[in-house]
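Presented below are the structures under discussion, each in the form of structure tokens.
In what comes next, chain A is part of two complexes: it sits with chain B in the first one and with chain C in the second one.
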Partner chain A sequence: MEKEPKIVAFLCNWCSYAGADLAGVSRLQYPPNVRVIRVPCSGRINPLFIINALRNGADAVLTSGCHPGDCHYATGNLVARRKFALLKNLMDYIGVEDERVSFSWVSASEGTRFAEVINKVTERAKKVGPNNGLFNKESGCGGCNQ
Partner chain B sequence: MSANKVGAVLVVGGGIAGIQATLDLVESGYYVYLVEQSSTIGGNMSKLDKAFPTDNSSMSILAPKLVEFGSISSIQYFTNTQISEVAGEAGDFKVKLSQTPNTADTKVCTNYVTPVELPNAGQDISGDDNGKSGDFEVNVGAVILCPGGETFEADQIEYLGYNKYPNVVTSIEFERILRTSDKQSVIRPSDNKKVNKIAWIQCVGSRNIRDEKHYCSCVCCMYAIKEAVCAKQYSDDEVDTSIFYMDMRTYGKDFEKYYEEARDDHGVNFIRSRIYAIEETKDGSNNLLIRYGDDKGEIHHEEFDMVVLSVGFKPSDSAVQLGNNLGIKLNDFNFAETTPFTSVNTSKPGIYVAGIFGGPKDIPETVIEASAAAGASEELLSDVRGTMIQEKTYPPEKDVSGEEPRIGVFVCNCGNNIGGVVNVPKVVESAKALPYVVYSQEFLYTCSQDSQEIIKQKIEEHSLNRIIIASCSPRKLKYYFQETIREAGLNRYLFEMVNIRDQCSFVHMNEPEKATEKAKDLVKLSVNKAGNIESLNEAPVNINPKALVIGGGVSGMTNALNLAKQGYQAHIVEKSDRLGGNARRISTDFNNQDVQSYLNQLVDEVNSNTNIQVTTQASVSKVDGYVGNFVTTLSNNEKIEHGVITIAIGGHEYKPNEYLYNEHNAVLTQLELEEEITANNTRVKNAKNIVLIQCVGSREPDRRYCSRICCNKSVKMALQLQEMNPDANIYILYRDMRTYGFNEENYRKARKQGVIFIRYEVDNKPQVQTDGKDLKVTAVDHILGENITIDADIVGLAAAILPPEDGIKLNQIFNLSLSDEGFYRECPFRGSWGFSHKEMRPVDFASEGIFVAGLAQGPKSIDESIAQAKATASREATILNKNSAKSSGIIAVVQREKCAACYTCARLCPFNAPRIINYAAEIEPILCQGCGICAAECPNKAIILQNYSDVIFTNMVDELYREVH
Partner chain C sequence: MQSITTAVQNSAKKLLEENKVDVVIGFKKGTIPLRSTPVFIRDSNDADKLEWNYYCENNLANYLRNKDQKIGVVVKGCDSRSIVALMKENQLTRDNLYLIGVPCSGMIDRKKVNRIIGDKEILETNCNEDSLIIKTKDSEQTIKLNEVMHNSCLKCNHKNPVIYDEMVAEPVSENSNTDFSEIKEFEEKPAEERKNFFIEELSKCIRCYACRNSCPMCYCQECFVDSTNPEWIGKSAENVQDNLFFQAVRVFHLAGRCVDCGACERACPMDINLGLLTRKLYKDTTEMFNTEAGANLEDAPALSTYNMDDPQPFLLKE
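Let's turn to the complex of A and B:
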């Protein structure tokens, strides 16, 4: 049997976590592969959390906050976005597949969108296959062809 | 007024107004009964997709407010309940309520738009009393009416085709289409096909003489623009959107920019027109053909996929009946009438109105009125504040520091909601095997009262020092369970909640095994976290019960007086030599009420109130401290210690460069003309031709805002001038007449009485010329398309309202946020991660304890300034009524030895909480909102967000993947 991906998701308390709650209240069905960790704000997320999850073998990591302009703390998601843009570059550089690290904005009223995001993230994780360890890939460093 | 006042208030209506009024009142020490006639709270706002002009999601503003409801013990709320009878007088009302039995299943709220469930009858959760049914009585000191409004029944106007053609929908129905859209396309009802061309029809049931809805509904222009932009944004394909309108009334703060951006950046079409008919096309496509006349009178036909009717507001039948039952005065359109210069007082003392029942308005104005009504009630009931509220006592807190974690895990079946999918016994079993877990059990309903007793008992029995509840969303019941563990002597932060329902059983209904695995993992994560969390202290801060009010105009005085009557001290600092501000120059308001006699009375009251101190000819030169403990130094070196600050420094009138102002002495600004009217000046009285020109300095590239009140004011002055000299010809040259709300009545009256309205285009403005003696005004008549020239005796210019002159200077002291134009920018949407009530705050700033009222925040009328000043007082009272306040426990703390004083945290914090003191950052606990931005950004990781530290999160993930390795 194909091994199911196990995905960790950091959701901000005010928008994305609430969007996930709404998906539940609306009984939208989505794949059961995601383990949610609630954070106060996407601005709280240290890029280390994402790298640590990948290092531990997470098949994918999702980070989701309020839409730009919607942040409960005014600017937390913008601060987050800045960091994530940088992290995305780093991931690319060290050869982590694009499919493993996702970012999204989901508001408290977007239950449908939350379910879609989870569908997509799970699909992408399945497509890229299991994470066999971030720093011991068989093919060496994917970013620099060595 | 009754001698035996009651320290409780009845709030009627559970929409955003009712919620805001309730939260303000309970925070200020009053008991609240909230009555809602439907089965859920949330009101109209919960039906919206986004809220203009910020385009924030409506639910993300509303939901946190709803969550708070379940957590406050001094609210009792009754759904499905109506008022049947009111007896008594201000201060002591006896109100009979009748509740219909609740047939709806409120246990699980399947309502799409209300993600927050309300605790219901069977569960006996604090504050709720829905178990009652039948008639009962409550005793209150004041009543606040916020029953909201309904939208106009569009099928009453037959030619619009509503209820006849499936693709003609109302705006509120369109909100639902937007809310449920997949954000890739907008779907129309008839055939679920993507739409590519949508029309909005404005003023459906507003400004409508035939249906006796003469008033303007205020919000439809803005929501139509919002919906048109959303429709474009939610569609992958190009969508053509057109708004058919009479006047674009984007008069509110930042609304004009919103309009311009929709038109110029998003490409929304705006068509000034009159609609003749909407019919389906004959080809069976269910498309719609709009027949309309443009402003030259030419007739056009255009086909659309879908038509949205921008329906106006009206009071609901039940609200009208309620008003009649209470014996309050309703206006011609059945909205509640307010008494002059109070903005929230009904004709009956002790009964206040807020929100749409007092007249159509948008969400921020509704919230302002709700706070203002709370402020007015607090003024009435100040001597019985706190008498109905019992301070809850808790057993002494156990010191668990240094103890090894002893974790108790309680897993909920939620009836069948969780247990029907997730194998709960297995989850319990796996929890027992986890490190530090000493006890675990399942409950049918963890939230029932019995379960609370058992949890407390188990805490005792097994010396548990960390509690985990695996049930529904922490957003809903966290506070409730935290109360339980506090009652068992545990610090409330020694608590974690796992969501195995909304985010597990509900969404994996067909995969019970995988859902069980997920539930086990989620519990495992939580247990790991619980091992690392600690008791947190909530830092106490003393509150100085005094307000500093900067600015002695109507706003400042109203604010100070309301606070003074509530028993707090207020100190007004006024820059000029006397109180009164801009209102000194105004004769009457838009309802023809005498402003000067009101103002004199207000000044007398302020001067004679012993709680108010006034310093004139002084300004603020320095402010130190923070909420509760500010120390302000004035320009005369006087030092004032106070707890909160009201900024009410007003605004001023633009001195035009255009239209020969300053060059010809018969060209006057609005205020100057008003002064001449008041003085009954002969040149005004004998003038034959008077021309009033609108939008002078407003809605211009360097001032992209509408000054809001000038249309109303010009219309009022036109009527005044006509009264002075019935033979005078009065012309108003305008771009859009923005006589919003009930001001539309004056506009109608002016037209009827022969005031001539000529519209001009912004690129073809009127010309004012002089030969040195006489004035000639030339404009293009928008109907004839030809130039007309008026020999004007007087030209009145509706000059823009400018931001306060001292705004920028003062702001160097406060460091608050100013809009591009220089008005103070309120901070409507934010809140605390911890336990406090800080949502949706249109008079608050991001900096705690500082508030704004009046023109300093944006152009507004006297009544609107009064409402805002009272709202500000109400918000301030929520702070001032406490001797001491507590910070949240979830705050960021700095490890001094790691801090390099790099200022990263100080720059990024939205709340100005970190300061650098002695070469290291310090975070002021009371200001910290617990977002953790600083903790994530700190380059040296010197900052820790308590109970949300880096170590906690990395450990959780390590634990989650332990088996994978």
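Let's turn to the complex of A and C:
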């Protein structure tokens, strides 16, 4: 049987988490691979969280917050956006697969979109396979085949 | 060079005699060739110890935080930019500093010199306009300065201090634009090759944290690598994954703050190519957000501000 990927999702309390809630009460189907961690705002996401999730064995990480301009704290996601842009570039640069780290904006009314995003992220995680890569502490020296 | 040394000495002497500062931080002759070492001058009679040459590579902004004295400091381009960046983060007060500005024409990389002359012991060195003369036991060799400059100095486009209280010499001409060719070249390589390159480089890392300690911008009370609760990262250098984790987060913490002085790379005892990581972030912040850390006093640090139309190419494609 194919190993099911583990996905960690950091969702902001005000939009994406509520979006997930809406997907739930609307009885929308989406893959059960995702483990949600609720954070106050996407601005609360420390890049350490994302790398650390990969280090501790997550196969993919999704970070999601309010759409730019809709932040509950007015500018939290705008400041976070700059961090995410740099982090994504750095991850690509050092050779972390594109599919491992995803970002999206999902609002509280977008239950359907939340389900779609999770579908997409799960599909991508399955495509790229288990995380034996750069940051997984269990993989020993996985990157250099020693 | 000699004229700059004299001017720095005179300036320091005057500052100390007139009690304008409590201490002058500059460079003195080191104990081995090709090395100058930072020095703290508190007495005007000691001002003659100060020197200026091609070996003053340390970033003196490192010594300025958490001091309640008035400090005079000899600054080259990168030092002054670090000071500006620290001032923006409220770590330094301009009033407590007296900046003796020195136009910098680049510093010499000892490792490059050693690579050229091999394992012969250097007895004496001499510098003139564009070349370095190395005397060993039985030979004398002349090397072009350009061949032995630090990589960061060759690509520097802020050779003159951006802020100063006095300049001790005429400004030197600047490179017109920043050269990121080596980063662009590396970006072009396939992901697998880049990954293997970093794994290989960081398998050399001994986790001495010299890169962190030499950086003027790395001043957290408790660094994430030292934290035990939560334990973000393993402490052993044997796990290459963790070494890369450390470097990735270290350079990320410096995004929009790093002035690309190259102190981390110089401090590395294992000769790891850290410039390839730090300069990547420096390039991205410069290109994406159109700001240069420490280049002026007005711009907010890149990551503490935002624009409504910032690029967001990182989003999941739907």
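Side notes on the structure shown:
Note that in this section the second predicted complex is superposed on the first by the 133 of 146 C-alpha atoms of A that agree within 3 Å, B and C clash if a C-alpha of one lies under 4 Å from a C-alpha of the other, contacts with A are read in each partner's own complex, and residues count from 1 in each chain.
Just so we're on the same page, contacts are C-beta pairs under 8 Å (C-beta built on N, C-alpha and C of every residue); 3 or more make two chains touch, one makes a residue touch a chain.
This one's a predicted model, so the numbers in the text were calculated from it and none came from an experiment.
Contact with neither chain B nor chain C is seen for A:G129 once the two complexes are overlaid on the shared chain. In the superposition on chain A, contact of A:V117 is made with chain C only, not with chain B.
Contacts of A:E97 after superposition: chain C is touched, whereas chain B is not reached. In the superposition on chain A, contact of A:W105 is made with chain C only, not with chain B. In the superposition on chain A, A:V25 contacts chain B only, with no contact to chain C.
Residue contacts after overlaying the shared chain place A:N89 against chain C, while chain B stays out of touching range.
Comparing which residues of chain A touch chain B with which touch chain C, the overlap comprises 48, 52, 69, 75, 79, 83, 116. Within the complex formed with chain A, the chain B residues making contact are 49, 54-60, 63-64, 108-110, 112-115, 117, 179-180, 182-183, 473-476, 499, 501-504, 506-511, 514-515, 517-518, 521-522, 525, 827, 829-831, 833, 846, 890, 908, 910-911, 929-933, 935-937, 945, 948, 950, 953-954, 956-958, 960-961, 964-965. Residues 186-187, 191-192, 194-196, 198-200, 203, 224, 232-234, 239-242, 244-245, 248-249, 251-252, 255-256, 277, 280-281, 284-285, 288-289, 302-306, 308, 310-316, 318 of chain C are the ones that touch chain A when the two sit in their complex. Residues of chain A touching chain B in their complex: 4, 6, 8, 13-15, 17-18, 20-30, 32, 35-41, 43-46, 48-49, 52-53, 56-58, 66-67, 69-70, 72-76, 79-80, 83, 107-113, 115-116.
Only residues 47-48, 51-52, 55, 62, 68-69, 75, 78-79, 81-90, 92-97, 102-105, 116-117, 120-121, 133-137, 139-144 of chain A touch chain C when the two sit together in their complex.
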